[in-house]
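Here subunit A shows up in two complexes: once beside subunit B, once beside subunit C.
For the complex of A and B:
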């Protein structure tokens, strides 16, 4: 056995170990920042409700000053460790918890970025979320590491003060 | 051009409909960006290069849609929807569509 073989065996293992520590740290920091920013935007609700169910009469429509389209998006990928765990799980079946947190982070981040683009409005209505997998080779079915793009968009409403 | 994804422009009356307008762009990842994205895949987290790429491409799609609406003489687009589909390995199509209207 020469060095070439050793590298071939140990490189993936080293990558998985490195990815475990960095990935866990990145995720914890991201969640910390998400929770902190969500608290800041508590007074700007993002609703999935349609316009007509919120503003029923002419009087309430008069209150609206401005309505504009806002969006926020993020492209995020799993770390190599989670990818490794997921590929094992894929073999045996069952819930992929490691991907659940990725999608949760991506959606919350996209909604936050949308809110950051309309900080002075009073609410965002008709919120839509769009998720697409832009995995590397062969998309979701291939062996590429899962990378998702989440887009959040809605109409920001500013009321007359 | 007023853009909303609800079925009206609040406080304004729709005077004329021009039907569906749409805009799309197809973007491919570039090689250098892809290399760094590959490294980032090891540690996980946001791929900022891709976020910017897709954001810019989506802006382009919206501009094309708005240009089409302007040609009809519309001043607003309502009920806008976005959709993303990966058409080939490493390339994505960003599509925006809505209804062009004249409000006043």
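For the complex of A and C:
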């Protein structure tokens, strides 16, 4: 056995450590940006309520100036550390805590992007969130790319002033 | 219309506050402990079973392996070397406990100082061993060492452990999983420790056999000194090796010779 074999043993350990620190930094920066943008869009509510439950009569419908489809989507990838912890957890079962923050970021980012598409509207109604995985193949073996897309869409309503 | 008052949300229920690092270490330690436990338990089972496996099975295992070894056209020189080995083996025969094995010898013309044995009594020696060794005793030591592996059923033990380990990790994690690779690399240290223990046991067995057949253990120290002089690898790398660090091995051999009071014809030289 020579140093090549040693590298083979220690490489995953080094990768896990490096991925932990880079992943933590990236996540902290992303959350900072999310929170800052969420504050900016605080006056633009995104609701799951349907059109009919908000605009019940002819009078309220008259107030609408514009209605349009808006969407925002984001594709996120799992980092090596999170994936490693999740694969370990996979054996025992239970909540995959390491993926939670990742998906939380993705959902909030998708909603923010959707809002950024209609910054001047008054509300976004009938909000829907959809998740799909891309390139799932080989993901569990660590060789493929393990990614998830979160898509947020709804109807942006602008009211007459 | 409904009135809307903007309000910031505090906290985040969707993200657990558990530290991922703690999660990582707890999970890794738990899993590794579990696998280690299975490995040791099955290892003990294999050790028990290996002693009862009939030579017939060992032979058929050996025949499978035989196909993968290079068979070259033999020169006269090589044939003579094979004869020499046969003669040495004959000297050992009365003192060798396992009568169920028939030995075959093959010399391969290659510039490596090495010899190995595989199941079914097949011993392979590289011709460079003859060029380097100064006496018959050195070759005798190498052969006695290989016989030691047969005496301890070491091939079956090692193969059994390997099989058990591969089986366990594939069943638990799938054949192509990152985790099973990682755990197997961690476990390989345990595996190597086991292998190194086998090598030392074979060394000690060889000393005993040499003493019985030759009346001295001269070849052992001579051969091992050469090996340790030729070795340039760092001691650290032997932590992950199948064989122990040659200098340690040499020292342990010397200690054993003193302990057991084996005779050496010219100990002053060493």
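The criterion applied here is as follows: the second predicted complex is superposed on the first by the 150 of 161 C-alpha atoms of A that agree within 3 Å, B and C clash if a C-alpha of one lies under 4 Å from a C-alpha of the other, contacts with A are read in each partner's own complex, and residues count from 1 in each chain.
Keep in mind that, in the parts below, contacts are C-beta pairs under 8 Å (C-beta built on N, C-alpha and C of every residue); 3 or more make two chains touch, one makes a residue touch a chain.
What you see is a predicted model, and the numbers here were worked out from it, not measured in a lab.
Colleague: Who does A:100 touch here: subunit B (first), subunit C (second), both, or neither?
Modeller: second
Colleague: Applying the document's definition of touch, where does A:91 land relative to subunit B and subunit C: first, second, both, or neither?
Modeller: It touches subunit C, and subunit B stays clear.
Colleague: Just to be sure I read the superposition right, which of the two partners does A:82 touch: subunit B = first, subunit C = second, or both, or neither?
Modeller: In the superposition, A:82 touches subunit B and subunit C alike.
Colleague: Tell me the contact category for A:43 with respect to subunit B and subunit C: first, second, both or neither.
Modeller: second
Colleague: According to the stated criteria, A:155 is in contact with first (subunit B), second (subunit C), both, or neither; which is it?
Modeller: first
Colleague: Once the shared chain is lined up, is A:114 touching subunit B (first), subunit C (second), both, or neither of them?
Modeller: Once the two structures are laid over each other on A, A:114 reaches no partner at all.
Colleague: Touch check for A:15: first (subunit B), second (subunit C), both, or neither?
Modeller: A:15 sits against subunit B, while subunit C stays out of touch.
Colleague: For subunit A, give the residues common to its interface with subunit B and its interface with subunit C.
Modeller: In the superposed arrangement, which is not itself an observed complex, subunit A uses residues 82-83 for both subunit B and subunit C.
Colleague: For the complex, give me every residue of subunit C touching subunit A.
Modeller: 1-2, 4, 6-8, 12, 14-16, 18, 20-21, 23-24, 27-28, 30-31, 172-174, 176-179, 181-182, 185-186, 188, 233, 237-238, 240-242
Colleague: Which positions of subunit B touch subunit A when the two form their complex?
Modeller: Interface residues on subunit B, with respect to subunit A: 2-11, 37-38, 40-48, 50-51, 54-55, 58, 80-86, 89-90, 92.
Colleague: Any idea which subunit A residues touch subunit C in the complex?
Modeller: 1-3, 5-6, 8-9, 12, 16, 20, 38-39, 42-43, 45, 54, 60, 63, 81-85, 87-92, 95, 97-98, 100-101, 103-104, 107, 123, 140-143
Colleague: Report the residues of subunit A in contact with subunit B in the complex, numbered from low to high.
Modeller: 15, 18-19, 22-23, 26-27, 30, 50-52, 55, 61-62, 64, 67-69, 71, 73-80, 82-83, 109, 125-126, 128, 130, 132-134, 136-139, 145, 147, 149, 151, 153-155, 157
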